[in-house]
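To start, I am sharing the structure in question, which I have written as structure tokens.
Per-chain residue numbering starts at 1, and chain names A, B, C and D are given in the order in which the chains are listed.
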């Protein structure tokens, strides 16, 4: 089937198309430069056309999501939409059900999402959910930062075996890249403890976060994985943690990248939570200027923000100790899920309120990060969904970024606490994002960071993943019409995925099954076998599941999209 | 093999209990649950057989209570609650002492006498049901006979099992829908 | 003033759901609208006229001008007055689940018993139950830590288990007896029980007040600092007589108050 | 039972099979199979892929009494052909088309259908079941409604600090079983996961751990414990409340609380504070007694409090091998764990209204589909009586108490022996259970049966089948 999108205003930062009026053509799911006269014409005259969104960090599938849904029926009830047309019933606000997740991303014009934390032991569960979520391509990142085998190898400095282990495990659990969460802290949480900073060793293992991050970063580049290490550093949410954040970024500076696409060697996730100065919650203030300055001076770093949206949401992270602290703080029901030999995780409902000074300053820090990092290719749009806010709030975040007027209003009308003025520099920043920058932080840059060459842009040969919004970029003033921006970015005029129209005028009109993106490292099969042989005695002794039943069977990945990588050799 | 005739229980000869005063009827607390014999027999699928009647249709009692009632292992007794009555075997409980409580494994026999009241929490009251127990000469029924007797599914002469059925909406009325 | 009278013709075994027949939605309806209306039963909708004759008198400008009278056996009619914000409903029978749940204003009078979940998540208004009610009266939705936040529930008979679970405001009065765990998890608000209470009122309560004028059988260990108070004033209400006042539930660092009638509960002194 | 000779006359072995009995889902079973023909690869007598066509499992290694009895099922009572109850009240054999058409017609015309069961079948089957339920507006419920439903409600009120079983195996130095007789209901739980195994930090196994049992009865588990706390029947809530009060530093006033002397409670709390890693396993003893969900609620709160002093986690001792699976499946598909009512076109979840027992005692359902469950054996008669009034469709493998109440019987297959499928262990670890032998020729896979019902109902309703997500 051939289509032509006529006369849209196209923003395609990867191909340096900045608001040009032009046609976008696609055939059989791919962007092409010419179509036959039979092509179906879709008139999008003067409307905003972008590649479909790429979410670099979101929690949408997996065991802790399901714990969240299971134990928050009151949240499930909030988002109920009856079944209608091709869509099934939706439930959930901060932790939507799987079908709702797919529909809602589609309505926002998104096409690809990275599921940011997959415990390898329960990877089958994550993949089951990926199969239920419709309309997206999903890349899950397995957790390696507190894995006992990783800890051992990092302690020994055995990068060769670590690389082989990771390459084998990625294939075993069908994962895309290396996720590290509070390295050593997750293991310490096995004993109800935490680690503080990079040099606090995990109990018994006697290995520090510094060693773990370094080892994994080296292994990552040795294998030439498409994504860099994806780091959730230590001390999340603690006042004064920005020093740990800076140290963590400095740590990998010396490691040279091994990829032709991405620039970074470390992706710092939800950096907002890691940019706090002060010593306690009373003298807590923003350290975003320091962190942003470092990012501006170092192109080996990318980060996503994790913007607070001031909603009642559900926090969930593999950072178990931090969630327990949060529970102690707000007293709301606490869920925890420790995974043997691999990771921890925790969940707590949380009400971010503009009336609270800390939450307001957190809100400001996120926006500061967006506005102070100069290069939009280094900072990505996320709310660390659902931690800082559900992903359906992306349009609202976009409206804040595009409108200094709105931000000023919020501060002056006391929609946020007055502490924002004292404890952050937000009120002094008047930068406003343009559409090209929005397209960069929500599409092009995340795709580049993950080495997705087939999406995130509208070049010839790319997947026909396209979003069209009912916004006329040449007529609208986003600074004033921020409400229109929010509404329209939430209800795409068209969402096209692989050449199929999934959303029309904000309504889901077609439902297609999702696909799974994973990294298949080739070329070190012999090393892998040797390593597996070595770890098998420990595996059999300490896991409660047989190795044969550990792996993710093909049954769970019916629509795989393997990214083939030659170990050590950067792909084209 | 996992087949047994009946669960193995402590084989206590009816003993003298100086403090026990023999009574014809005891009031106690009924608990239900599962044990390994009942579980094995049920899930193997041997529910029509005599084994199931012994595994599931047995009231496990404290020996003191047994002495009071004057029963020995595999005697028969009638258990009554507000919800129904059923004849079961009695046997010495492996979990004794629990004077004042009887334990009947879950199964069709226990079902007759437990309370269906959920108190809005979806779970019927399977444990802590006040009950009386008295000696009986009747033989506990086998599963199929018990089901037929209690539920009368295919007894045409029984019109209703006591429901309040008034009117079920007729859903064939497609004219109701546009 | 508009008076809408429902007279029952037929009882349905499968519950009717009345959540759409509240003053907020029907204040402009005429008789013919009710004739046309199909009421949810199970997975389908059936004409209301098969089950109720509806008479309409007068007219209304706003929901507040509406009075709904329902006659018949309503033990299979759920969600009466659910989510209403104004007006009045009189049910001349015992009613089924969720009567007055999520109501924010107006008044409901039940001349009979109410099944469980009466007044769940109320935020305002008055719910009067002339008979007994059952579990979770004035409770929260399962999982939510914010239950009833406002309004008043008057129960002339007895109440079941977990009365006022997670109460976060509002007042509940029970003239009769009350089953276990009244006011469990409550954080604010006021519960008064004139009859006897079985076990464990105020389990894990963090705030608010419970007054028990009858006899209590068992109290939890988490209630401490007992003192005798005379004619205390509790949430703006003047009580008469001698009470034992407890603070709890300390098991959850609670600062709620439990007042026990001292005369009837001498064994606690 | 005396000594039994080991089984040696088997032809093939199948390794790493998963036990389809309790929530332990032990995945180390070895099936000893006699006869049949291997459809797949075989290496040294072990079938490494595929299954054995026509074989019979004559022995099981590693399984407990329960697991072994289930795997080596009673073929006398196996349901082999579809049956429909005739006018005289007898079940008569029929062919698949007749039985399925009749069942589909009943489901399609029902006003308040209830689909109950699911806990002993695979997630793959549930997919079709849910689609059917959404299509006709049914209530979907599973066995949690009669066992751990209150636990889930408590979880929804209080939180859910859980772990996988390996955490307990590697770290725990105190194991608490409360309201649960694991030695009878989950016989390998102590041996494989909690108490006896040698873990990474507990090299000496049992000797490095303290085992505590809290149960009014002196159960088989209590007998092997270091500490037995025999609190009084229905006194659970008060007991845990006292423990929490002690944790907050309160001196207990009453001398005896729920039948336990206050000194014992204080000592126990002290012990529990001192451990490095504690694991609490709770069972139906808590969910079925007087204060039901609130017992668990407060036990969860106790575990949360204990985390201020040391590390504590808990796991509900789920009964059926996939009862957790259904809750997880429903939560990911529709946001609520069980008792989900699709009558109004969107899911509703309301305890006491949309649960099977409540619906049956209120006599609402007009068609009851029971799959891989046995209400006849497990529901109180007050609820079962309604099943005698309405059409009951049963999908199961054995003639059981529910068959006595069924009007249409559809013989399914045995997941984890005759059919492959996904299940979730009590701690949420997913396991793909493999197929070892073929099913009896005249039966069908559960997945096929439910899909076939779906297709036939779609045809009656004039709806085109969808393929999305499948």
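To be clear about the criterion, contacts are C-beta pairs under 8 Å (C-beta built on N, C-alpha and C of every residue); 3 or more make two chains touch, one makes a residue touch a chain.
As the structure is a computational prediction, the values presented were derived from the model and not from experiment.
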Query - Selected pair, greater C-beta contact count between B-C and C-D - result: C-D
Query raised in the report: When the C-alpha atoms of subunit B and subunit C are each averaged to a single point, how far apart are the two points in Å?
Result: 37
Report summary line: The distance between the C-alpha centres of subunit A and subunit C, rounded to whole Å, is 45
Requested in this report: State, to the nearest whole Å, the distance from the C-alpha centre of subunit B to the C-alpha centre of subunit D.
Outcome: 22
Query - In subunit C, residues with contacts to at least two other chains - result: 13-14, 41-42, 44, 116-117, 135-136, 142-143, 145
Report task. Could you list which residues of subunit B touch at least two other chains? Result -> 119-121, 164-165, 168-169, 171
Report summary line: Multi-chain touching residues of subunit A, meaning two or more other chains, are 71-74, 77, 333
Query - Listing of all chain pairs that touch each other, if any do - result: A-C, A-D, B-C, B-D, C-D
Requested in this report: Quick one: which bits of subunit D touch subunit A in the complex? Just the residue numbers, please.
Outcome: 15-16, 18, 27-28, 123, 134, 152, 155-167, 169-171, 192-193, 198-201, 276-277, 304, 307-308, 310-313, 327-328, 331-337, 342, 344-347, 349, 420, 422, 424, 428-432, 466, 468-470
Query raised in the report: Touching subunit C in the complex: which residues of subunit B?
Result: 119-121, 164-169, 171, 173, 176-177
Report summary line: Per the touch rule above, subunit A residues touching subunit D in the complex are 61, 63, 65-67, 69-74, 76-77, 80-83, 86, 88-89, 91-92, 95-100, 121-122, 124-125, 128-129, 131-132, 134, 148, 189-192, 204, 324, 327-328, 333-341, 347, 511-513, 541-546, 548-549, 553, 555-556
**Report entry** Touch list for subunit C against partner subunit D, complex
**Finding:** 13-15, 17, 40-44, 78, 97-98, 116-117, 135-136, 142-143, 145, 162, 166, 180-181, 184-185, 199-200, 203-204, 218, 220-222, 224, 249-253
Query raised in the report: In the complex of these two chains, what residues of subunit B are touching subunit D?
Result: 1-2, 4, 29, 31, 33-36, 39-49, 56, 83-84, 93-98, 101, 103, 106-108, 111-128, 143-144, 147-148, 150-156, 160-165, 168-169, 171-172
